[in-house]
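Note that the chains take the letters A, B, C and D in the order they are written out, and that residue 1 is the start of every chain.
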């Protein structure tokens, strides 16, 4: 029997980083988590214990902190690109590098409407993410949002679906639609004005979710992705996963009460899981 | 040998509830989690399997949904009081009732500055909580915030602490102060204008944290609690627990770089854990 | 207005520790997590920023590692006592010390029935815990188990409970009883043969759970606690909390199938929560 | 601009199931979690709100419970195959079906060495998993283990790796190797004696981990995968991911103590992340 190593990769995960930039009128704060994965000529480490080409994951961690010192950490995309370039430029044995970044959502504490210069609190829902993937020939930048809660109390129906002997779900004309969106979108270029673009895509997603007359989670997902592609030419492709966090109408009849689409049980499990990827052509 | 049952309690936890109130100009949303614990004459269930006095926890769940139908769910404190009163009024075997509520932090999606009438997203950091404890003679209402992240990049020192042969921590003139505050405060009365009070205490805590020139987490905790008691006469007592989420300065010398209080490793463990309770006299 | 600090405590949490003891015929492994909390004359740190009496939590961490070097880490109770004594002996400002320990449940990998001398894997369910609380006058040792799953498929009923207009739960003659037991028991002395005692209490709890003809979770909790007190004179008091992790019978009638107590939905929420404390007299 | 839906899938996740099979000499217990994902002709639901081909995820859930009633739930692989076949056989619009199963690790409570007929407790580390993927032309069965902790206190080195100006990690002759293995392996056929095979692969992985003289996590991963392929001809391919859960030697010199590879800090973050896929040829 011959054993073949058909895939291998390694790297450092959960490298956590806080950078404080002390400007005259206040401090900038970045608290990010970085995951790095390398591919390339590393098979000998697996098959023969030959570590000569291995960049220690501890070294990767050091590189994150060293580069964070000299780079401006204003957008995770820029830092992901710098890290990716570093690994490709310094290590000929590296064929591919994937850098994933996650941004802790701090925002300034506001006092009498004035943002404080150096005090922060946990911010808006969801966490900004970024994935840079680079090789010797091509580099792509994707951005995203992780786990942003969305809920609408009307403008959501689910009718006309397939019925058979295992179907008990009634048709719904007006239901709650609740999800915890995970999404990433790939940009058409590696040089963009990342922060306004991210804010624009986020707002487009929220607006499309809010305004859609939903016939299904699938249709809303598609509407949200389409809105992003239509409004943001810098986005080439977008993937969305939307769990359907069911809110079940409670039967209050045993207690002599009606329930006109008013009282629900939000449930954690089971949940529907809907995904889709859209791209422009 | 005689065995004595010195404490017992039981109830239903994680009763999750969504209520939609459909007003002419938009929908109100409440998504809350309710925990109920009863004490009273229940020892016979433990010692003799006599369930005759036992209110089934399933019944407690039903009561939550039935009362949610008729109550306005504008403030969790009001609903906690209603639940507490229900259990005490309907069940003579109940001596004490504790209702804890947790509010999912939804806020309206905003489009062009206008809050949407029926679409919501995850909101500000931390989760609003409320604990109502009632007996035949007294009822107290406490409110709180769970797990709100706070971080300041300066105005925090830690000097002059005890040093001995096990001390290696250097004195710090200027460090990052980061915490994940849990706090509850007890009101002086069971009839208050709960929502503005909660917002005021929250803002007072944030402002005190931001503006304090901290000599220790302990001192900042005390300053925050004092600010609440000074500003809000409706609060009788406040408890705070503040983990010290250490951000450690990275040594960049091996890489030929300085680090003037700029690059840190945020850590999850170990962490300092500081608590205190303050009350007015 | 006068503000009074009515409670305060501080310490270091989640101090994680691995100790390897290299014996001739194999290695002993301890992987523990330690939480320390001190009380005493620390009010001035809160109220006046006076840190002169403060033992830095970083120093506490150092003490854990230094003492772990010289102590045999065979039982967490012994190490908890050593830590507690250290803080009381070295710091006159400390009035009380609470040390909580949690043991990672590693067990040896077995090959052809032979335990391996230095390779380990995750072990039995639940995690062993220990809490030592000491003051200038008295020290107590408690041990426990955290989150051990227990389930029996029969010998569990729930009948004869209170019924009223909010009751819909049918009486159950034969239901699944599933829980995730948390328990701690206090010993009568601070010098015991800790490991066999812990194993004996654990086994007594499992056996009592298995053999009990349960009329309620309350009654089973009491039977388990009683069994421990009866069998282990070294235990003075035991507290148990037992969530009722409901398994709901599925209605298969719509699909033309019966369901003779066979197919259930295990649920995470809501859940019953039952607690009790028993002591010998 | 044209928008194209390049990928879509949907299904029900976290369908939790308990089955009790009441045999004369004891009860069999299965507590499993099922995730189903379908692909096929569902684009119209996304793009046009046409639900006519949509099998509601609620119906999928019903099918899980209905089939669980009539199937013997002795091996998750068999049930995954039955579910997969059901969706492909009953719904012409389904092109592909992926069923993932996760087994709660209950084992019988043992009293005086005798396994109890109907009482269970949480069992061995890690959770058994299974993934069945079917289409109109081919079906594959993979099995796995999720999150099994492995640790060895010696026979692990890491030397001879690449060094440059960002490298600070010393060479290690004798370090702790700790991981939380996730692995799945694909079988060569869809009809196997699943339970003994799973037990054999599990034991092979543990033994290979224990006995390997490790020069790196990569090499140990490869040794473990190779051992499985060599010992179990029914396995065609195996993927392993092994985080390197670093245990860092504590510097006890400041406290006047040596530390001869004895006291370590187990860390959660950052961690190395090593993966590989091996197949026979």
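Keep this in mind: a residue touches a chain if its C-beta (ideal position, glycine included) is under 8 Å from a C-beta of that chain, and two chains touch if they have at least 3 such contacts.
All figures in this text were calculated on a predicted structure; none of them were measured in a lab.
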Legend entry - For chain C, the least number of touch steps when starting out from chain A: 1
Legend entry - Geometric centre distance via CA averages, chain D-chain C, whole Å: 28
Inset, instruction - Between chain B and chain D, tell me the centre distance in angstrom, where each centre is the average of that chain's C-alpha atoms. - result: 37
Legend entry - chain B and chain C: spacing of chain centres that average the CA atoms, whole Å: 24
Legend entry - Sequence positions of chain B contacting 2 or more other chains: 16, 62, 66, 166, 168, 254-255, 268-269
Inset, instruction - With chains as vertices and touches as edges, which is it: line, ring, star, complete or other? - result: complete
Inset, instruction - Mind listing the chain D positions that touch chain C in their complex? - result: 16-22, 27, 29, 31, 62, 65-66, 68-70, 104-106, 109, 111, 116, 118-126, 148-155, 176, 206-207, 209-211, 247, 250, 252, 254-255, 257-259, 261-267
Inset, instruction - Spell out the part of chain A that touches chain D in their complex, as residue ranges. - result: 1-16, 35, 37, 42, 45-59, 61-63, 66, 90-91, 158-162, 164, 166-169, 215-219, 221-222, 225-226, 229-230, 237, 239, 243-244, 268-281
Legend entry - Interface residues, chain D side, partner chain B - complex: 165-166, 168, 254-256, 268-269
